[in-house]
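Sharing a structure with you now.
All chains are identified by letter, namely A, B, C, D, E and F, in their written order; residue positions are counted from 1 within each chain.
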Amino acid sequence: MPAITVEGPPIPVDKKRRLVSGLWEVAKGVYDDIRPEAIVVLIKENEAENVGVGGELLADRRAKGAGQSGAGQKGG
Amino acid sequence: MPAITVEGPPIPVDKKRRLVSGLWEVAKGVYDDIRPEAIVVLIKENEAENVGVGGELLADRRAKGAGQSGAGQKGG
Amino acid sequence: MPAITVEGPPIPVDKKRRLVSGLWEVAKGVYDDIRPEAIVVLIKENEAENVGVGGELLADRRAKGAGQSGAGQKGG
Amino acid sequence: MPAITVEGPPIPVDKKRRLVSGLWEVAKGVYDDIRPEAIVVLIKENEAENVGVGGELLADRRAKGAGQSGAGQKGG
Amino acid sequence: MPAITVEGPPIPVDKKRRLVSGLWEVAKGVYDDIRPEAIVVLIKENEAENVGVGGELLADRRAKGAGQSGAGQKGG
Amino acid sequence: MPAITVEGPPIPVDKKRRLVSGLWEVAKGVYDDIRPEAIVVLIKENEAENVGVGGELLADRRAKGAGQSGAGQKGG
């Protein structure tokens, strides 16, 4: 401990590397009386079929092209 | 937030659709001062090999046919 | 199991009652091969000081009156 | 409830069996006013690519052979 | 990691001591290639007002004296 | 979503502010196709009595002055 859990969409390994490294830098600065080595990060990857936003599956929302307005997905 | 996480067995996508829609309807009625769009649902699917009930793996319990009495599994 | 965890703001007991009852109704309809009695709901109440939205504490966002536009908080 | 969640690396089914059985024995001794059948264990298996220790992915750490000193991995 | 989280009712400190010690013994036997010191246990105490079983708050169920039959509460 | 949950010891509000802001900066850089506003952070504060490290309550470990060597606590 501390343990940081990130629930997000699937991401490639290089983004995982940046995520883990970046979150750890922040956490060790804040929890500065704890051994940095003890800070653990868990990345949880959720398929769009297993996430609901605004009452809809993210998978359905994307299929409808409505993702950009409400699902937390940025438009192009 | 609010974030609703459901730990359950694997289910087909149409059940996920109903689950996400139904939970969201309930939650938006209760958290009525929060934007409904901000309510997120995460469905976590757990294999029977990764769930223990009453000290036994659900997978073992089912293999023994004991599921219907104690594992939260309804009889036929 | 299934276990439903709701991470949200503090709410009064009558809302907890409605939340638990409503989520359970939905879940027992979806997980219809599981004993309804085995469905558990956990309500987690998070103080605004312990929630970050868009990089800010919800407590700070509310103090600034910015809550209604972005924090998932509906305007009056 | 009680619900015990174990976040760890992937393990074979016989270890899951021992884990679930052992944790349940402990929990039913402690929560001795709760029906033992109501105690649930969830095993979550995390790939080394999804775990960060000390700011590094466990997968990278292992590839470098540094696992034994700091990642919670015992040396041979 | 591994990290073991226990969601249960409030318990006194001596039970927490037994819980943490017992769960750790089990976990270190199972995850035998991991440093035992790296195994962390988190105890989460949930008020009966924040737990729903069978669609009812545990607090309400207990007030009605129905706890012993269905809420995972053993009879006297 | 994404939702970042941090399980750690109690911290003052200014550290929460830094934690939320810092984690959010990292996460929005990694999840760069998601609206930054949709990234939520939850801070969970755990009393030393509710955390077990190496089979002991953190509270007991600290009382014994053993915290600095193994509990993830840095020496003074």
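Just so we're on the same page, contacts are C-beta pairs under 8 Å (C-beta built on N, C-alpha and C of every residue); 3 or more make two chains touch, one makes a residue touch a chain.
A quick note: this is a predicted structure, and the numbers were derived from the prediction, not measured.
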item: Between B-C and A-E, the pair joined by more C-beta contacts; value: B-C
item: Centroid-based (C-alpha) most distant chain relative to chain F; value: B
item: Reference interface A-B: repeating pair among C-D, A-F or A-D with over half of contacts shared; value: A-D
item: Degree value of the rotation bringing chain D onto chain E, based on Cα positions, nearest 5; value: 180
item: Whole-Å gap between the CA centroids of chain B and chain D; value: 21
item: Averaged-CA centre spacing for the pair chain F and chain B, given as whole angstrom; value: 28
item: Junction residues of chain F - those touching two or more other chains; value: 1, 3, 7, 19, 23, 25, 37, 40, 42, 46, 51, 53
item: Sites on chain A touched by chain D in the complex; value: 13, 16-17, 19-21, 23-25, 28, 36-37, 39-45
item: Chain B to chain D touching residues, read off their complex; value: 7, 46, 49-57, 59-60, 70
item: For the chain E and chain D complex, residues of the former touching the latter; value: 1-9, 11, 15, 18-19, 22-23, 25-27, 29-31, 33-35, 37-38, 46, 51, 53, 72-74
item: Contacting residues of chain B [partner chain F, same complex]; value: 1, 3, 40, 42
